[in-house]
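Next come the structures, one after another.
After this come two complexes, each holding chain A, first together with chain B and then together with chain C.
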Partner chain A sequence: MLETIDLSMINWARAQFALTAIYHWLFVPLTLGLAVVMGIMETLYVTSGNEFWKRTAKFWMKLFGINFAIGVATGLILEFQFGTNWSNYSWFVGDIFGAPLAIEGILAFFMEATFVAVMFFGWNKVSKKFHLASTWLTGLGATISAWWILVANSWMQYPVGMEFNPETMRNEMVDFMAVAFSPVAVTKFLHTVLSSWIVGAAFVIGVSAWYLIRKREKEFALASMRVAASVGLFAALVTAATGDKSAYQVAQVQPMKLAVMEALYEGGTHEPLTVVGTLKIPEMLSLLATHDTEGYVPGINNILNGGYRLPDGTTALSADEKIKRGKEAIAALADFRKAKASGDETAAETALQTLDENMPYFGYGYIKDTKALVPHVGMMFWAFRVMVGLGMYFIAFFFLILFLSWKKRLERVNWLHHVALWTIPLAYIASHAGWLVAEVGRQPWTIQDMLPVNAAVSKLDAGSVQTTFFIFLVMFTVLLIAEIGIMVKTIRKGVE
Partner chain B sequence: MDTTYIFLQHYWWFLVSLLGALLVFLLFVQGGNSLLFRLGTTDEERSLLVNSTGRKWEFTFTTLVTFGGAFFASFPLFYSTSFGGAYWLWMIILFSFVLQAVSYEFQSKLGNLLGKRTYQYFLVANGVVGPVLLGAAVATFFNGSNFIVSKSNLTDEMMPVISQWANGWHGLDAFGNPWNILLGLAVFFLARLLGNLYFINNIREEKLIFRCRRQLVTDAVPFLVFFLAFVVRTLLKDGFAVNPDTGLIVMEPFKYFNNLVDMPYLLVLFLIGVAGVLFGTGKSIFSKTYTRGIWFAGTGTVLVVLSLLLCVGYNNTAYYPSTADLQSSLTIANSCSSQFTLKTMAYVSILVPFVLAYIVYAWRAIDRKPITPEELKQDGHKY
Partner chain C sequence: MIRKQIIGIYRFYRDGFREMTWGRILWAIILIKLFVMFFILKLFFFPSFLKGMNTEEKQEYVGTELINRMY
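== the complex of A and B ==
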């Protein structure tokens, strides 16, 4: 009997990765954002000697600590899940993908773990400056960690710096700098980290606004809002700029993702950008995707059917043709191994030549249906619009807070305090919408055009993965409720 | 094979082994937590214990994560085979560490949903499950696991998974071998022993420390019995050897004993390590004022675990043997990353001493004042 991979197991493995990543990302952006805000506050304390800033910084550190613990807890599983649920992936690209994870551990996690201890327990044990350095180094550790995990993620979107080795049956790294500093990684890092600062800033402003609504901690709240709005406005502007760059890169390296983001079935030149419904901005999509108002943007059907001219002058292959060539690559690899085993060097050389010719389509050989090549259009279309729309809202929001703070009128604008409070969940929604676009848009690939999910997964039974999925669901949900409960109580208690 | 490549394989096995050895030492956090209700009879005493390990748990956790990352980068076939195959063994370890990570911060906070006691039970659960399961997982390096590796599967479009577990237990089968359980228990009692020694060094509270010294005996005896039984049996049993020319795996009588004879420096490391553990423990039991036992026992633990892991990886030995298909066994040569990756990562590893230096510096800064009930009251961040 032919053995096959259980489709439901693949979907449970995907669901588990999505679930754990979503939960983890509820906590990481706040860690990254709060680190900057409280770093600035402690710097103000050390430079001015004003105890007010120490109390302010310590309050936000308390919330940081609660959030940090659950962030660490939920992050553990993500690294190991590449092995537990995506074992074929771990072998096929572990030679490249493992390196950023190891560097993240060596360079970033130890920095975070060491200095977060000094930050929490060192107030009475180390000098003011050492403590300040520890606070910034905790944030720096978290940021370096983000760098390496985003390098790894970017490589999944845009695999570079490697070659397939038929002898070892895996991809091997040949250019570390191409992996570590790929343009996609640089943009993704700036976009993700700066958008996390938005979450941190929105959180600080929202909590401070709650104090103003309750007529409590006025001085603390206004000072916190001023610092956070400065960070937030800067972050929102950089996020918008890197978002534009990111969309351009997606158009170059993941055209299907862009087509799905726009729900564009039939592409062309002079393509307008759909805002919502029939509201369109003429030629804008062509401009964003190609930096030319006349640029050609392929739609979903164009990509599946092929036949259009690519920027390098060649003609795009259809999905069926890519699948055919992928199967030829896989068959050639099998022939190569057989020839090697039997010592037939001539046959091995011939097989290798066929493999090389078809290697760019290797992953397509595992695709069973061209429909699987199209990510979920509705989810992508709306997630993208929610992200962009909220991104623009944040620019206006932070600008307004900063302006009113400068005019010393912030305390009196009651409606804005309520808006600020509700901006906290909006920041999380925008951040998650961004990841939905990035990750759902990459489906069905674990590594773009190279390894689809059905060839990347571990050989497990669906029941096992289903069980761990529900364990994580219950465990993380309970811990999230506990975390929110603790946060709320701590905020209600106020500054000490 | 290129000698540089061979060197790099050995270098990375050394680094992974060192991280593994440091992890076992840092399990003093788990060992200490497993004793939470045995040593701490009042809320105040339990608070001292929790706050004592609570200032170090991040190091254990981070070492675990880095151990995983380093293994992934340097020996990806192990990562895919063991984690993807022994699914339940690793998942249970991870669940327990997830719960531990939040339990410190959450337990004393208002609004924590589950109540203080529940979070303390989570710490105890992780304190028992973590060391036992990690010990059992390491024991499989000597006793084998039930998996098959077939790289040719990659050319099967319907079933391209190369590493497969050969039974439905997915790692829980490790407990079918009593020798794996034995090492699990040895690591558990070692972690408790180290936990006691750490408390003796870190806390100044007379009654509590008296109990720690008494508990040392209770934990040292089963540790020595289980550990010595495992070591003696391992040295006498057949081991998994690899022919470096053909790559074929064969069973070799007294393989691990022979490895120590062939690599006497490992035997020296092992003996110094055992002496360190015995000295640190013994002096802490017999001298009522001695507080530095953790450093001797801790260093000893690192040396013993390092020597055992090097023994199972070096000298043409299969470090992750398969009992389902001997030729699927993993060696440092057939499971490692490419030469380019190992070399690149070797450059990164040059930063490790710098990382260790700032860890030591920060650790000393935090531990300058021992934990006392008064110190806890003054500290702004109390668990």
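== the complex of A and C ==
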């Protein structure tokens, strides 16, 4: 019974997952972003034969190596937590979650381990072209790993390609391609990976700017800034485009997330987009959410009360109706299992039919109060604005760096060097704000509409989760301090 | 031929590790981290909650849990 699940256990399990995910995501975007920048630099070396680019690429590879070494395997801790803290979830998702994670693990190990070794050990041992291929394949390996993780995450936000088996209590994959290439997964992949390139680009520009402030490594810094700004500008533009696509998909499959992002309580047609406060862009929200300025966008209260027309022509159910149907689904599941145990196939068939009819609302059966269906509005509203605001800033920032580089004035604009240095933390803030929007915005669901957190969590004592929470806090903080310390030392040493 | 390739790969890694300078500390961090993760955290703090149950028992346990949590 729910009363036996301590609510603080749910919160501690969520906090622990959030903590480890946040720390893990400090390492991942830099790996993905730096891989592209150093790949381009080595390509310039191989195509031009200019040793300058080799030295430049090797320096950024060194920082890549530090980040890679400290960050590697930190994501495995998230997988530990599934089996311990989220055992109902782990069993319920079945092979849908297991398959992408297994592919990710194998790929990450073989591709990254092989090519990282060639990249670091092979400078004087393999041909230039083979080394270059290894550098790119290291980045590609990390990117493909990210793909499978994001496929798993996207399935939780938009569960497709599976059927629930009430006998095994697991979701079984019936369409691998639907899971692996769901539109939500494709958009999420592009948005997340390209935004990681922004982190890498901002990092390279920031570190290079530090050299300019210190009047060191001038040629190296200016060249690095030029390459990184090109990557950054491209990435920032694609991130903006995929962000638009993502908002449209959220409107279709997670309308509550969009409503809380906008703090929109009462929706309607011709909905404006709130910038901040009373500053609004007329009809923009309707356009973003429906690709029509007259499109109807439901607000939080509309979604809870239902009764509006959905894009497929049906009428939206209220939260209470969904909860009722969810309870019918769970009761039918109980009847099915009872009938199966007693060998009553007719009763089992009837129960299965009821379960199938109500399965889209299964998770609502665990919702005790409709307020639980509304994620934290303030956090979502501001996290979204921080992400989008910084996204626009990055476009302007990278453009300015490129423009000044083209005009050969980059070296002289001192204030911009300081801005560039402070843009490094801003890139991380934007990246994490994006994850806040994605993950806080889907609460209370671990799997959208199918399994809320209170049903997914293990029946554990909160004390044990608290203990490991603080162990992780200490462990990750030590790792982060080590990363920053070694990186700062390497940066201070300069290009060799 | 295959033997030669294996020896070549072995030497590649061996020489790579021998010639490492700043990489040594990173390897030390990686190994300590993996030890802590797999031999301390996983073994003592993160046992599988459904460990010790066979497939049928897991189905029964999760089924009962998910039905009872509705109430």
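In the analysis below, the second predicted complex is superposed on the first by the 490 of 496 C-alpha atoms of A that agree within 3 Å, B and C clash if a C-alpha of one lies under 4 Å from a C-alpha of the other, contacts with A are read in each partner's own complex, and residues count from 1 in each chain.
Convention: a contact is a pair of C-beta atoms (placed from the backbone, for glycine too) under 8 Å apart; a residue touches a chain by one contact, two chains touch by 3 or more.
Here the structure is a predicted model, which means the values were calculated and not measured.
When the two complexes are overlaid on chain A, chain B and chain C occupy overlapping space and clash. Legend: residue contacts after superposition of the two complexes on their common chain; A:94 is shown touching chain B, with no touch to chain C.
When the two complexes are overlaid on their common chain A, residue A:122 makes contact with chain B and with chain C alike. With both structures placed on the common chain, the touch criterion links A:172 to chain B but leaves chain C unconnected. Once the two complexes are laid over each other on the shared chain, residue contacts for A:279 go to neither chain B nor chain C.
In the superposition on chain A, contact is made by A:69 with both chain B and chain C. Chain A has more of its residues touched by B than by the other of chain B and chain C. Only one of the stretches 23-31, 77-85 or 311-319 belonging to chain B overlaps chain C in the superposed arrangement, and that stretch is 77-85. Shared contact residues of chain A with chain B and chain C: 2, 5, 62, 65-66, 69-70, 72-73, 76-77, 80, 83-85, 87-88, 90-92, 117, 120-122, 125, 168-170, 327, 330-331, 333-334, 337, 365-366, 454-455, 458-460, 464, 468, 471, 475, 479, 482, 486, 490.
Within the complex formed with chain C, the residues of chain A that make contact are 1-2, 5, 62, 65-66, 69-70, 72-73, 76-77, 80-81, 83-85, 87-88, 90-92, 117, 120-122, 125, 167-170, 327, 330-331, 333-334, 337, 365-366, 454-455, 458-460, 464, 467-468, 471, 475, 479, 482, 486, 490.
Interface residues of chain C, counted against chain A in their complex, comprise 12-13, 15-17, 19, 22-23, 25-27, 29-30, 33-34, 36-37, 41-42, 45-50, 58-59, 62-63, 65-71. Taken in their complex, chain A has these residues touching chain B: 2-5, 58, 62, 65-66, 68-70, 72-77, 79-80, 82-92, 94-99, 101-107, 109-118, 120-126, 130, 134, 165, 168-170, 172-174, 176, 327, 330-331, 333-334, 337, 365-366, 454-455, 457-461, 464, 468, 471, 475, 478-479, 481-483, 485-490, 493.
The part of chain B that touches chain A in the complex is made up of residues 55-56, 58-59, 61-62, 64-70, 72-74, 76-77, 79-85, 87-88, 90-91, 94-95, 97-102, 104-106, 109-114, 151-152, 154-155, 157-165, 168, 170, 337-338, 340-341, 344-345, 348-349, 351-352, 355, 358-359, 362-363, 365-366, 368-369, 378-381.
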